[in-house]
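Each of the two complexes below includes chain A, the first together with chain B, the second together with chain C.
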Partner chain A sequence: MSPNARIVLLALAGLVLLPGAAAVIAGLPAFGSTIAQYGERINAVAPEARHVANMVSAINFDLRGLDTLGEEFMLLAAITGTVVLLRGRRGEGNTERAMRRPGRAVIPRSEAVVLACRIAGPLTALFGLYVVLHATVTPGGGFQGGVILASGTLLIYLGEGYAGWRDAIRSHWLDALEGGGALLFALCGLAPMLTGAAFMQNILPLGTFRDLFSGGLMLVENLGVALAVTGGFTQLFLEFMEETREAREPEEPGEESA
Partner chain B sequence: MTAFPAALLPLPVAIPLVICAAMLATAHFLPGRLPDILATLAALSVAVLCGAIAVHAADGPLVYWFGGWEPRDGVHLGIGFSVDEASGWVAAFIGLLYALTFVFAWGFFDRTHGHFHILMLLFLAAMVGFCFTRDMFNLFVWFEVMSVAAFALTAYHLAESSLAGAINFTVVNSLAGFLMLGGIGLIYAQTGTLDFEGIAAAVAQGGRDPVVAGAFCLVASALMIKGAIVPFQFWLADAHAVAPSPVSVIFSGAMVSLGLFGLAKVSAVVFGGSDQVRHALPALLIGLGSFTALLGGWMALLQRHLKRMLAFSTISHAGIMLTGLGALSVNGTGGMLVYVVGHGLVKGALFMIAGILLATQASIDEIALRGLGRGIWPAGIAMGLAGLLLCGLPLGVLDQGTRLVQGALAQQGHGIALAAGAIGAALTGAAVLRAAGRIFLGLGPDPGDEAGAPSEDEREKANRPLWLMLAPCCVLLALDVGVPAGLIEHALPRAASAFLHRPAVETLAEGPGWLPWISVVAALAGAGYGLFRRRLPALVVRPVSATQSAPTRALEVLHSGLIGDYVAWLGVGVAVVAGVLALA
Partner chain C sequence: MSVLPYAVAAWLFGIGLYGIATSRNFIHLVGCLGVCQSATYVLLLGLGYRWGSIAPIFYDHPPGTPAVDPVMQALVLTDIVVGATLTALLLVLTIQAYKRGGSLDPEKLRPMRAVGQSGRDRGSNRVGDGERKAS
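And now, the complex of A and B:
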């Protein structure tokens, strides 16, 4: 199909859909008019039942914990898939030389950058930990904190250079972190079943409302997510960074195709 | 506290998740074959557990509330699984298909530290969750996990063609994800709940409501994209043809039909109370299904790339399943559920044979392979049998499903759909039998220069003995032929009624006994025509070539491989669904 024919086809489809879309929009509840019954009930029930101030965490890790488990493993699938696709041709090795564009000067790292990274790195990590730990009290949680922690490791690259970064970050550890975190989350679901409770039922002591240690099992699940996200995202950075390195051999054949 | 049989429900999802997470954590320390063994055992345990659940669900659906959040005052707070007998058996079949696929792929992916097995186990867990859930958003989560795992598995070879196929697959199926999420948002905004039963109750009370129809339009389109229904089918052939053959087994055997399984559940259980949806469905599903059956069969006949041929055959059979669904009766849906299992068994076996050819003969091109299969003749027998079963040989599970679907269509007088299904099956059977005759018997003319395949060189690692690859394939065929028809006949009326939430029926009607034979004869004739065209008198050949060349060329132009075209057709498809709903 020529690009024009394609656009005509799509426009015709849009023309048919337009009245339907208008009817749907007109039929929806007015903007901001009501909170759904479901949300209202959760807001009413959860603080008392789970001693948790951050409702988002209560929904993510307790009421609808199974969805989060699924999402966590979707992340794992996405990262494993990316690793498989990026690593497929070049293997797992650590390459020495960066790719260089001929004719472009290599500017040495300025000391100001090194200093800034050395100061900002630990602070970022600390902030990430804070966000992870306060999942049940303030906005944030394992996922958000995990991403902050992972981006903290990027500051090592910025400040210390590639070799320093690869020395500090080991791919095997990242696999263990990612898989271990996801495993911890899944086991948080299975463990309550040993006591006769339901999958992912919150059987730990719930703690006090608005305290760091509130929410019971949610804290453990949150930790699992934080570990998995930190490991996963750092793994992702590492594999994309490897893409900028010069291949050791000119063209390795695809692993499975030979 | 949940009592015994219901307490099993989370396990078939949790076990593969736990094993894949543990495998990732210890990826670098696991000795060579351990991932193969662990993955096979995990899939087998899923199959056994789902079978046990299905047996217990015979008396009534088992319900499980995660986190102990049972509904309070009629408000569903948490996420539930609700498993009826049919869903349980479909999940058990999927577990078994995975176990056999892991055996088939033994040692095939050994250099990647179990990453293949991790993705496949995630894929399995998502499929079981998709079968079991009774929560709209949870359905979406498993739908997406399935997609994400599938994208990476498609591109596994990293050749140019597999990356192109994976990109098309990713874009189209991500759009399906957006549509589904949009539909779920609409239905949640209108009904204030995500639970199947809660939505169903609200929909039944609501009367004619454009928001409900809009939500159904989006969700149904998304599921039909997964189910490769015309005009959403384009991604399937591109993806199935390039994925590693063990992955294609799962794609064709389980993933595509699971999209239609989801459509059956959503349209019967969630939106069944809406008159508008109920009135629109027969015309929509039977029309699209008939068209899909014919188009897929015709395209299959045109292919010389064996996996692409099988992919189009899957499209054709998905169309037949959709016509069964469109009858909106216990008869039709029951037949479709049996068809899902039977088709999965036969098509899985055929993709395994394609994998055997890729590994032992280092080619997938029907014409280049002419006569080269003689050395592995047992695979030829399996392929011949599978081809006959595919076109309707009255034997086994697939045939039973076919006859039930035909019975439902005949009852309601859908003669065109009946004919389209029979012709579609005959066309795909003809394509497979033609390829089997050419490859394993050396029939057909000597290709000469034509033997050079137009596609890039393909092969798969030949590190496994023939018997190891052939054994799972034979088990699949034996299951299709060997499962006693009486068992299904006895359990199906009850199971299909429970699946649809309808009062139980006594018996199910079957289609006319001569119809499958017509398909078989037509398939043999089609295969013979393809192989011996040059020896036939010109009187026969000329009219056929004259009439078929123009539409054939048009079809080939449509399947351009360009993602922009596919998205435009996707828009047309959504518009068709919306239009039919609006007119109902």
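And now, the complex of A and C:
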């Protein structure tokens, strides 16, 4: 289809859909006037019923925990697909060593960069852990903290170079983190059923409100999500970085002396 | 004024869709999809907002203080995480398409054939190649 035909088709579709969209927007409640009853009820009930201060975590890990389980496996499937597609072409055997980009000089890093990364890296990891652990108390949780932790590992690459990064990050540890996190979340759903409770029912002691240990089963689920997100996102970085390196071609051995 | 957030969401979705329809580069296309997706963030957060409310975290404020809708915020969180991994997956597919077809242009995408069936004639520019079904 030619580009012009596509634009015409898009414009036609837009014209058809525009009255419907306008009607829907006009029918929405005025911005900022009211919120949905469901959210209102959760705000009113959940601090008392679950002893947690963070309502978003209460929804993600308890009230709508089943949906998060689905999301967790969507994450797992997307990352598995990415890894399979990238590794499928490159081969499993090459993931163990740091491959070198042929023909590109290794530029030494300035000491300022190394020092900044060595200071910022642990601090970022600490901040990520803080965000993960305080999921039920203050803004944060496994998803947000996991992404911060995964980003922190990139500072190793920035400071220590690619080979140092590959030494610190082991690919199958990441596989284990990611799969283990998803498994932990699924087990959190199944374990209460052993005691005769419902799927993902919060059977652990709920702890005290506004305390680090509050929310019961939510803490374990949160940990599972944090593991899965940390492992998954680091795995994504790793696979994409590996993609920029070319596999050593066996027929031209003189190439790799860069 | 009260429909402004919804209008912003509709506009973001519209320009994202326009970008997808007119895209000549897969990476640009994935970026446009991200713009479309950010429209959903604006829409969801706009739907959940209420003037004079706090964030739904009852740490500094006692429970019972009017707070915005936490369900929408949880939905946006889900949306962002899934969006990030989906972007990664699409970029991988882009890499695959580039390696197989040698081009990032969606117009030049050819149907894939079984390897070894007809040699390597992917680069040939036959008219009507896109119409043919891979059988």
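One rule holds for everything that comes next: the second predicted complex is superposed on the first by the 235 of 258 C-alpha atoms of A that agree within 3 Å, B and C clash if a C-alpha of one lies under 4 Å from a C-alpha of the other, contacts with A are read in each partner's own complex, and residues count from 1 in each chain.
Please note the rule applied: a residue touches a chain if its C-beta (ideal position, glycine included) is under 8 Å from a C-beta of that chain, and two chains touch if they have at least 3 such contacts.
No experiment lies behind these values; they were computed from the predicted model shown.
Contacts of A:L158 after superposition on the shared chain: neither chain B nor chain C is touched.
Legend: residue contacts after superposition of the two complexes on their common chain; A:D67 is shown touching both chain B and chain C. Contact with chain C, but none with chain B, is seen for A:N43 once the two complexes are overlaid on the shared chain. Judged by the touch definition given at the top, the superposed model places A:R6 against both chain B and chain C.
Residue contacts after overlaying the shared chain place A:A23 against chain B, while chain C stays out of touching range. Touch criterion met: A:P139 reaches chain C, while chain B stays clear of it.
By the document's definition of touching, both partners, chain B and chain C, reach A:G14.
Of the two partner chains placed by superposition, only chain B is touched by A:G180; chain C is not. By the touch criterion stated above, A:A78 is placed in contact with chain B and with chain C alike.
Judged by the document's definition of touching, chain A residues 3, 6-7, 9-10, 14, 21, 26, 28-29, 36, 38, 42, 64, 67, 71, 74, 78, 81-82, 85, 89 lie at the interface with chain B and also at the interface with chain C.
Per the touch definition, chain A reaches chain B in the complex via residues 1, 3, 6-7, 9-10, 12-14, 16-17, 19-21, 23-24, 26-29, 36-38, 41-42, 45, 62-67, 69-71, 73-74, 76-78, 80-85, 87-89, 172, 175-176, 178-180, 182-183, 186-187, 189-190, 193, 196-202, 254-258.
Contacts from chain A toward chain C in the complex involve residues 3, 6-7, 9-10, 14, 21, 25-26, 28-36, 38-40, 42-44, 47-48, 53-56, 58-60, 64, 67-68, 71, 74-75, 78-79, 81-82, 85-86, 89, 137-139, 141, 143-144, 147, 210, 229, 232-233, 236, 240, 243. Across the complex, chain C meets chain A through its residues 2-7, 10, 14, 17-18, 21-22, 24, 46-51, 53, 55-59, 63-64, 67-74, 77-78, 81-82, 84-86, 88-89, 91-93, 95-96, 99, 107.
Across the interface of their complex, chain A is touched by residues 1-2, 7, 10, 14, 17-18, 20-28, 64-69, 72, 75-79, 108-109, 111-113, 115-116, 118-119, 122, 125-126, 129, 137-138, 141-142, 144-145, 148-149, 151-153, 155-159, 186, 188-190, 192-194, 209-211, 213-214, 217, 244, 458-461, 557-558, 560, 562, 564-565, 567-569, 571-572, 574-575, 578-579, 581-582 of chain B.
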